[in-house]
Each structure stands twice: as structure tokens, then as C-alpha cells.
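Letters A, B, C and D name the chains as they come in the text, with residue numbers starting at 1 for each one.
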Amino acid sequence: MTTIAVSTTINGDDVEYLCHADESLLDVLRNRLGLMGSKEGCGTGDCGACSTMLDGRIVCSCLVLGAEAEGREIETIEGMAHGHDLHPLQTKFLEHAALQCGICTPGFLMAAKALLDVNPDPTEEEIRFWLAGNLCRCTGYDKIVRAVQDAAAEMRGDAA
Amino acid sequence: MSFDASYNEKELNAVGTRPVRPDGVDKVTGRARYGADYNMPGQLVARVLRSPHAHARILRIDTSQAEALKGVKAVVTAADLPDLTDGDASLFAILDNCMARTKALYDGHAVAAVAAIDVHVARKALKLIEVDYEVLPHVVDVDLAMAPDAPVLDETIITKGVTPAPDAPSNVFAHSEFGHGDVAAGFAKADEIVERTFKTEQTHQGYIEPHACVASCNSDGSAEMWVCTQGPFVYRQVCADLLGLEVSKLKVTSSEIGGGFGGKTHVWAEPVALALSRKAGRPVKLVMSRNEVFRASGPTSATSIDVKIGATKDGTITAAEATLRYTSGPYPDTWAETGAMTAFACYDLENVKTVGIEVLVNRPKVAAYRAPSAPMAAFAVESAIDSLAHKIGIDAVDFRIKNAAREGTRSSYGPVYGPIGIGPTLEAAKAHAHMSAPLGKNQGRGMACGFWFNFGGQTCTDLNISADGTVTLSVGTVDVGGSRASLSMIAAEELGIAYEDVKAGVADTASLGYNDMTDGSRGTFSSSMATISAARNAIAVMKQRAALMWDIPVEDIEWKDGQAHAVGASHDNLAPLSVKDIAAKAGNTGGPIAGHSELVADGAGVSFGTHICDVEVDPETGATRVIRYTVIQDAGKAVHPAYVEGQYQGGAAQGIGWALNEEYIYGEDGRLQNAGFLDYRIPVCSDLPMIDTQILEIPNPNHPYGVRGVGETSIVPPLAAVANAVSDAVGVRMTHVPISPPRILAALKAQR
Amino acid sequence: MRYERPETLEDAVGLLSATPERSHILAGGTDLLVRMKNDDFDADLVVDIKRIAGMGEIARTDAGFVIGAAVPCAKLAEDAALVAAWPGVVEAANLIGSTQIQSRCTMTGNLCNAGPAADSVPALVAVDARVKIVGPEGNRIIPARDVPVGPGQTSLAPGEIVAAIVLPEPAPQTGSAYLRFIPRTEMDIAVVGTAVVLTRDADGTVASARVALGAVGPRVIVPDDAAQMLVGTTLDDDTLARFEAACSDAATPIDDKRGTVAFRKEVAGVLARRAAKIAYDRAGETQ
Amino acid sequence: MVQVTLWAGLRPLAEDQEHVTIEAATIRELLSKLQLRYPALEQPFRNDVAVAINGTIYRDDWSQGIPEDAEVFLMRRIPGG
């Protein structure tokens, strides 16, 4: 199978890669670029563990072709912290024990960040429905929702 | 090994706080490496060919075309996994489940596997493998499998535990019976009796991470494997047994694990990956797809349970009886027996009898799932208890309190209980604000109790003190939900140093002695016991080193607040020596300082929980929403309360999913129709409310800090708690789990 | 398999015409990529239409709202005029999948996938949407209802592409609504879907009504008899009860892993009644 | 002397006895004497047995002492999740 040359932007950096026509963006990130923070839980868009940002919208990278990324802007979990400075969501997930096994965590963090980008003060119901495409089997979601609420409050500058 | 594990009340500083876990930053930045996140040089990609038939004899497998395809480096079938099980039936079942030998026994049963240079070639190769099947009649339903005309899966099975022994083979592997007293006499004394049949459908653990491993066999007989597992030592043993490897030459490293819940206590495709690597002479990476995870790993039993309970008007249960039919997949197992042991364990019963019946069906081999077998039995029993309470007109909580097992009660599974915690969870439920909160239209409330056997087991830890006085702690129980934090806290507590100065990690099988798996709610219970023991051993060493540094007798040294203190009038001018001070001089006082511990952590103690659930049901569509949920459970001592709450909440959520939506759906052809997260419907974030928790702390007498396992019990009550709530809301007793909208609507129609 | 990213519709049609078998159009990819994971999937060509001018845009023209074939459903909710005009269509499209799926999935894909349970299709049928088709034999405009002809089957000829969906401007005092039943609160495929569009007269009675039922037959069912029951009424209880029964009767579902015949028929009536109420109320709120 | 109760599955291997009286100070002694008396118990004793002493279940600690007049139950080892 012939490969396709792709030039794109990932976490602010120019990146070039070759991929097969049928190769998902998730496989490109994980297998060709070493960005293994995005996880494959289902491969069919049902679990959200591979959530990444594509041109400002949150997507399942398992349902995007690597070839489609040409000229686009991609953000992954690896770009969420700035050096050692964690994003408030990352800090709050740790403080609230919002992860047990942690396999869904990168996807939740990316999806939650996408929510707070468009809605800095979401209700509990808005958080729950926005995150419905991210499956977690360990926590029952309670502490995840609380961590997102707390991070949102901190980012708004509200006293916790 | 004279470690005294008995409870010793003392003030705890680190234990009971909520620090950030040591593996946390890796997990929020995407750096943590799970099963599929590891690669080896020259690794091949494996794919497994699976039976499309529920039951079929394998007449012929021709792999020659696949082997001839460029890029294919190995093809294996059962012939490449010769039977080395030496009459061990349970090991043979694992082997046959890894790769079908003579018959494919369920849709998804592996029949061959390939290793190729990439996934495209591997996929192509699968299509080139020819398998001739003789399709046989199949049976997937537990009750139908017991019918006289059911197709028999294994002609060698004659039911055990029945006298006289049947003279013909059947799908019933065994009966097992528990109880005491005379149930017929007990029922004769009852004023009211409830007798009902319940059904539960098969569920999956639903861990988000599919099974994944990288296996590498070398020409010198050594091998290694990176794998997501709840028990690297057990995986090592089973894989070595099945492949004829020397145990110590197989190194198994557990990756970060993306959920297990019992499903990763069993070996699945790992021996196949090793066999492929052995044949190809190269490392092999095998990652299951989600479809494969559902079709070929993990599920629970599907069950059909008859329950009969009688009581007098004053609310005393006079007799209780249950017959529990559990599927075990296509191989014999003891899942019904476990269910039969747990069914009435919450109650103090004069007359009780349970019979467990193990039933073979053409479904995947059943695996443990969080308090395995207990939730289904509890669903049936707690539903019947609820009905009986209504029937005699007594409050459901009071009825349970009146009949609750207590110290001295003979358990339904045999032994007499020591001090146990069901009473306090019930009293807490009765006093909980949730219990008296008002309900709105179409809303209902239910509650239920649950029981589980926790256990401990073989455990081993190494605690090493570095030159700067910080501590590394190597444990052998896989961290499934924050145990590295808990164990670091325990080490800090015992040594008297800061939590931040301890870093716990999970060791591979080459670096630490044997450990049982993280199952049976044992991870924190048993590894904390071994950590305390290792820390105390390290303190003994540090006292000796301080004695050398001070040149005084070791008897004159006392360990307090993380420091060696010289005691006695002659030493009062000596400033205490900290761990750091002692560690800095270790090179000249005898070398590295460490504490080790190898022990058996027995005495975990049984566990009880009580849950309260409110639901709202749309009577026109049957749509059900859980609107409030409370978990009350005894933790003995919560080491890291946030992760204890997490276990309570997670188990409750899984139980709610089981109660309302999750089920394996088979077609007439015996094929699984919902092998994906789209139609195998686990709860999503918008399905659930916040899940309130109340941690009771009644110290476990068999642990130095009073710790009790907390991992499993929380999945036991929800099926019944939800069912009781739905039944309260709609006024019809729901007896079939999952209580899906079509079942609710059908029940409402039948009642009208 | 080849991946092509043409910049004009003509080029896209040319590519598809040259490979009439085993070729697929890629817009959001939320169905196609799922199928591609299957071991049995084989394709020679995938044509990504997202870089073709206009495919990702919503335009308001004399014909109404022209929604490009590659407009992700999330974008529909960001178009205030569209939401105000056809809330029933936007809410249906926004029920497809998760937030992540919404970023990618398209109504055109939902329509051309021809799944009987597609959420947006009953809503499109109820508003009498049209589709613009370009193809090797020229362009044509047909009702959205006529695109799916059976499960997984469309009336599109080889090489044809649905370039846009066109929603008419609503008449004054028109309301639309879509309700579906799923066992969970999110992430499921519809067990039943019902769309209602109705227009009120000045006196508050229903002047016209159109109803579409999804997931209860191989194609969307349009029970005109049931819809006619609403006309001339203010949705009194008796009318709604007759309407509900008529919708239940019109449904011809199957038993499958997502629901039973009895359940689907009953719930089709319940949801149609509820959707009619919502549409009626919405009609009263518009000018 | 301790009286040991066997779970139902063991009884056919022990001449259908439900209760067996035996002189034993530890679990190890108990199991080895039982096996001596009923050799068919060897198979289940390999991997399948746990011992409850006064309600506390021991799976592995065979050095555990058995107090005088203790209630002793042989149980099947339970799987965990």
C-alpha cells in the first residue's frame, strides 16, 4: 500500500509524517509519532479515550484518517501541560482522585478542556452530557464531575 | 516471619489523609504506559482468527496459504500449544479457551493466530486460513441448557453432587449444597412466604483497556512479557505451565492496567502471543479489539434463581431456600457454588438451604467480576426479602435489621461469624437522611444489602532506603486504583517520615518474590500488611546502624517519629538520628539498608455493605433514571479515603449498569449481537447522579491498622437496590435483570 | 485503497465515476471509519469532500437553508437563525452520538448511510427537506425522504454525491420537534424516533401537520392519516390520544437487540404525542 | 480434639462424613491427618481448600493454631475479582 505524505501542526509544532490511506489519526499519533497518551478503548468512537482536538473541535482520533490532518491543527494530551505547569484540570483530577486506572483520563481531560473553552461555567448537567462520550468504568464519574467543576471555578477565578 | 498482624489502636498521621498519588502526574499527562503502549525491537503484529459459530467441530485447518504470504512470520493453531496440563482440568480449560482444540465452543473462540510484519499483512493472512467446521447445535440460555433435549457440550460430563449419579451426560457439571436446620419445618412455621424465580443476564467487566501484551521468547529458553494484568506472577505461572517454560526464565512485567475488575485475573491470549513469538523467533504484540474483548474474554454467569423465604408476622425469618443456576461458559467451574455460599450470608437464619447448579453453555468462559457470583444471588434474595417485608407490613430496613447476621450467627455457608459489620451498615442506612427524603411522582426508593468474602494471600514487599533517606517501596500487587498512594502512606506512617519521601512502585516478576493477584479486595489489605512488616524490619536495621554510629548497645535505642533516639541517662546528650542521617552513613555501617517482608495475609474478614437507591421511572416508556444513590460500607480503616470512596462509587456504578442496561444479547444463531460499547450499554456520565458514600470504620482485628478490603462488595447490592426502587416506583416486582425499558413496560402492561 | 481530496465537486464526481465499485465518500467519517475497522472491509477509494468549496458552510438563500454535505452537526447548533427556524431538525442532528461525534458527523452522512434509526432523517422528512445531488449525468434535487430506499440502500446512482441539504423557510407560526427513545441518556442508537412539524392558524388551531417516525420500519414512516388528525384542533386530549394510537398503528418495527415490536409501537405513539405538544408550543412562540 | 465440618463437595471423598473429629493443633496438622485418613482428599487439598476457624477464613496460613473447642470448617477457596 502506498503512503501519503502529511504536513500538519500538533501541539503547536510543525509535524510531517507518512501514513497509509486507511490509517487512523490515532494510529498515526501512537504508532508513528510516539504520542501514546491518546488511548484506544474501542476504535469505533464509543469510548472517547482517544479524544483529541482537531481545528478547535474535540474528536475521536480513531474516527479521523491520518491523511485528513493535512494542514490542520491538532492538540493532544501531551500538549496540555506547559512543561512542568499542569493545566488546572490536570491538577484538579489529581486532587479529587478523579482517576483510578487512568486509561480514560487523557480523553476526559481533553474533552473537559474543550468544554471549558466554550463554556467556562457549566452546570453539572452540562458537564455530564458533554462528557457522555467518554466512558469511565472505575469511578462512577462522581469525582470526575467534581474535578471539572472545581477546575472551572479556579479558571474563572472564583474562590473555591 | 513472626509478624504480628493483630490490630493495635494508635494515632495515625499519614493514614486517613488524601495525598496525590505517586503515579498521578504520569496519568494526567499521558505518560503512563499501559498494555498497548509498549514496543520491542523487531516486534510483529498478531491477529487471532475466531470461530463465527457458537458450537462447531473443527474438521480441518489449513494454514499453508497464510504461511506462504509475504510478511507472515508465524501461524499457530492448537497444534502449536500441545497439552502439557497433565490431567489438571482447570488448566486444560484455560488452554482450550486460548485456542480451540477439537471444537469451537462459542462465537469468538480462537482457532488460529498469525504474526506478521504489520496489521495489513496480518489481516490478509487471516483471510487465507481455511477452517472446515461441522456446525453443531448450540445452546446459550441457562434454563434451556438444562432441558433434557439440549445439545450437550461435553459428553464426558456426568453431574457431580447428585445421588444417585445420573447415567447420562448433560450440561450440568455439578450441584453443591449449603445450609443448616430444617427448611420444611421452618416454612411450616411461617405466616407469609414469598417464592419467586429471578433471572440475570450475562455482563462484562467492561474495562476500557482491551487486553494487550508484548511477548518475546528467546532461543535460550528465556522469555519476557509486558502485559496488562491483575497478577503478573499468576500469569507467569500459567503461561509457563501451558508453554513448558521454566517459571524463573519467564519475566512478566505488568503495565499500568486500564481496569480489570477480575477480568484480568485470567489468562486469555497471552499464551498465544508467546507461542507466536516462539515460532517466529521475534517479539509479538497482541492487542485485542473491543469486539474480541466482548466475544472472547471475561463475562459473568447468566443466572436463573429460585428463592423462597418465609417469616412470621413479627418479622422473624423462619426459613430460606434458594436454587441457583449459573452458566460457566463451555467449561466446568464453581460459579454457582460461590453464589450459593453468598446468597443468604447477610442473615441470621435458623433454617436455610441453598443449591448451586453449574451449567455449561456455548458462551465465553466465565471470568471473575468484582465479588464474582454474589450480585446475582443478592439480587434474587434481596428482592424476595423486600417483597416479604411488604407482605408482612414491616419496614424493609427494620426487617433486615431484625434478621441481620451478627457475631455468633451460623452463616448460611457454614462457619459461625466472628464480629461482623452488617448491623452497623443497616443502622447507618436507617439513620441516613437519604432514607427519609421525600419522593416525587413516579419515583421510588429501594435498599439492599450485600456480602462478600474478602481475602488476603501470599504477599511480598521490598522497602529500600536510599542514601538521601528517601524510600522506594516495591510491591507485587498490581495497582488498580490508587494503591501505590495507600502503600506509600503506610510506609511513611510506619517509618515516621513524610509521604513525599516514599515512592511505591509495582515490581516485575524478576525483581520480587511471588505475589498473588490483585483480587479478592486484597491489594491494599495484604500489601499494606507486608509493607508494615517490611518497614518494621527496616527500622530494626536502622536501629542497629544507629547503635554502630553512636557506639552504644542497640537495646538503648528507641524508634520514634522517624528517628532513632538513644534512651537512658548515659546517652542524653545524643541528638536523635533521622532516617536521612542513618542512610547517609549506610556505606560504612554495613551497606544498603532495606526491609523485606514475605508473608501470608490471612484474616481479611468478610465484608458487608448497604445501599440506598432512588429512581424515577417514566411510566409511558419505561425509561429509568437513578436520581440519588448512597453507599454505606465498612472499610475497617480507610487508608486513603478518596480511593475508598472511589471503590464504593465505582462498584455502585457497575451494579447500576448491570441492573438497568447491560446484557449480552445472542441471536438465534448463537452469535453475540452487541460486541461493542454502542450496544453493550455501560453507564455514561449523564446516566448517573453523584454517588454519596459513608465509610464506616470498624477495625479489622487481623490487620495492624484495622484495614479491611473494600474493592468488591460495592457491586453486590445495586442490582437489588435498583430493582427494589423500580418496583417501588411502578408498583410491579421486577424479576429480570437488566430491568430494561421494554421489560418495565411489559410488566406494567401485564399488571393493567 | 486510495485517499483523494478533490477541490471541486466535478473532480469528486469524476473520481467516484471512475471507481464505481468499492468507493466511498468521506465527510465526517463517523460511520465509514467504523466500518473500515471491520476485518471484512475492503475499499479501493475514499473521496474526502471536506475541501470542496461550500461543503462546510450553511447558507441562507431564497430556497431556504442550504447545508453543505460536510457541515458537522455541532455547527448546526451554532447557527442561531437555523435553530430558530427549525429547532426540531437541529435537536435531532445534535442527538447523534457524543460531543466528539458531533464535531464530525453530518446530516448528509446520516441520510446517505440509510440507517433505519438515523436521528436526523425523520426530522428532515418532517420539514420536507430537499437534497441537491450532483452526478455524472447532471444535477438534480429530490426530497430527502427519497434518498434512503431501505436499510443501507440509497437511490443515488454510481458517481452521485449529495452536495447539500436544503431546508425551506418555515411558514409563520410553525413549530418543529424531534424526540427519540434510547435506554441510556446518551450514546445510544434510537429505538424509536419521532419528528413533528406543524403550523398554527391565527386562532391557534393547527393548520397543517407533518409527522415522521424513525426506527420503526425499514425507512422513515410518514403517517399522514395521523398527522391529519391534528389539523383543525388545538391538540386537545382526545385528539392526542387518537393521534398517539394512530402513530403506534402506523409503526411497523422489528424485534432486535435494541427493542421489541410491542415496545417500539407503543413508544412511537407516546413520543409522537409528546413531540406534537412541543411543536405546537413552539409554533405559538414564533411569529 | 477438634470437630471439623466438611463442605458438601468433600463428603463423598470422606466416606460421606459431614463431621470428622481429629486431634490437631494447627491447620497443617489437621489437613495432613485428614488426608491420611481419607486419601481421596489429596486432590481438593492441593488448591481448593480454605479453613474457617471460629469464623475467620484462612486460605494460606497453615501454621495457624486451632484453639481447643474451636469451630472448624473446611470451605472451598473462593475466586475474587
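The working rule: a residue touches a chain if its C-beta (ideal position, glycine included) is under 8 Å from a C-beta of that chain, and two chains touch if they have at least 3 such contacts.
No experiment lies behind these values; they were computed from the predicted model shown.
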Starting at chain A, what is the smallest number of hops through touching chains needed to reach chain D?
2
Among the chains in this structure, which pair is joined by the largest number of C-beta pairs in contact?
A-B
Just give me the whole-number Å value for how far the CA centre of chain B lies from that of chain D.
25
Whole-Å gap between the CA centroids of chain B and chain C
44
With centres defined as the mean C-alpha position, give me the chain A-chain C separation in Å.
29
What whole-Å value do you get for the distance between chain C and chain D if each is reduced to the mean of its CA atoms?
67
Going by residue number, chain C touches two or more other chains at 37, 185-187
Residues of chain A that touch at least two other chains are 1, 20, 43-44, 46, 129, 131-134
Of all residues in chain D, which are in touch with two or more distinct other chains?
none
Run through the chains and report each pair that touches.
A-B, A-C, B-C, B-D
Mind listing the chain C positions that touch chain A in their complex?
1-3, 5, 26, 29-30, 33-34, 36-37, 43, 46, 48, 50, 72, 74, 97-101, 103-104, 185-187
Per the contact definition, I'd like the list of chain C residues that touch chain B in the complex.
37, 39, 181, 183-189, 191, 256-260, 262-263, 266-267, 270-271
Note which residues of chain A are touching chain B in the complex, please.
1, 20, 30, 35-44, 46-47, 49, 76-78, 80-81, 86, 90, 93-97, 99-106, 109, 124-125, 127-129, 131-146
State the interface residues of chain A toward chain C in the complex, per the touch definition above.
1, 4, 20-22, 24, 43-46, 48, 51, 54, 57-60, 62-65, 67-68, 70, 111, 114-115, 129-134
Residues of chain B that touch chain C when the two form their complex:
123, 126-127, 289, 620-623, 625, 660-661, 665, 673-674, 677-679, 681, 683-684, 686-687, 740-742, 745-746, 749
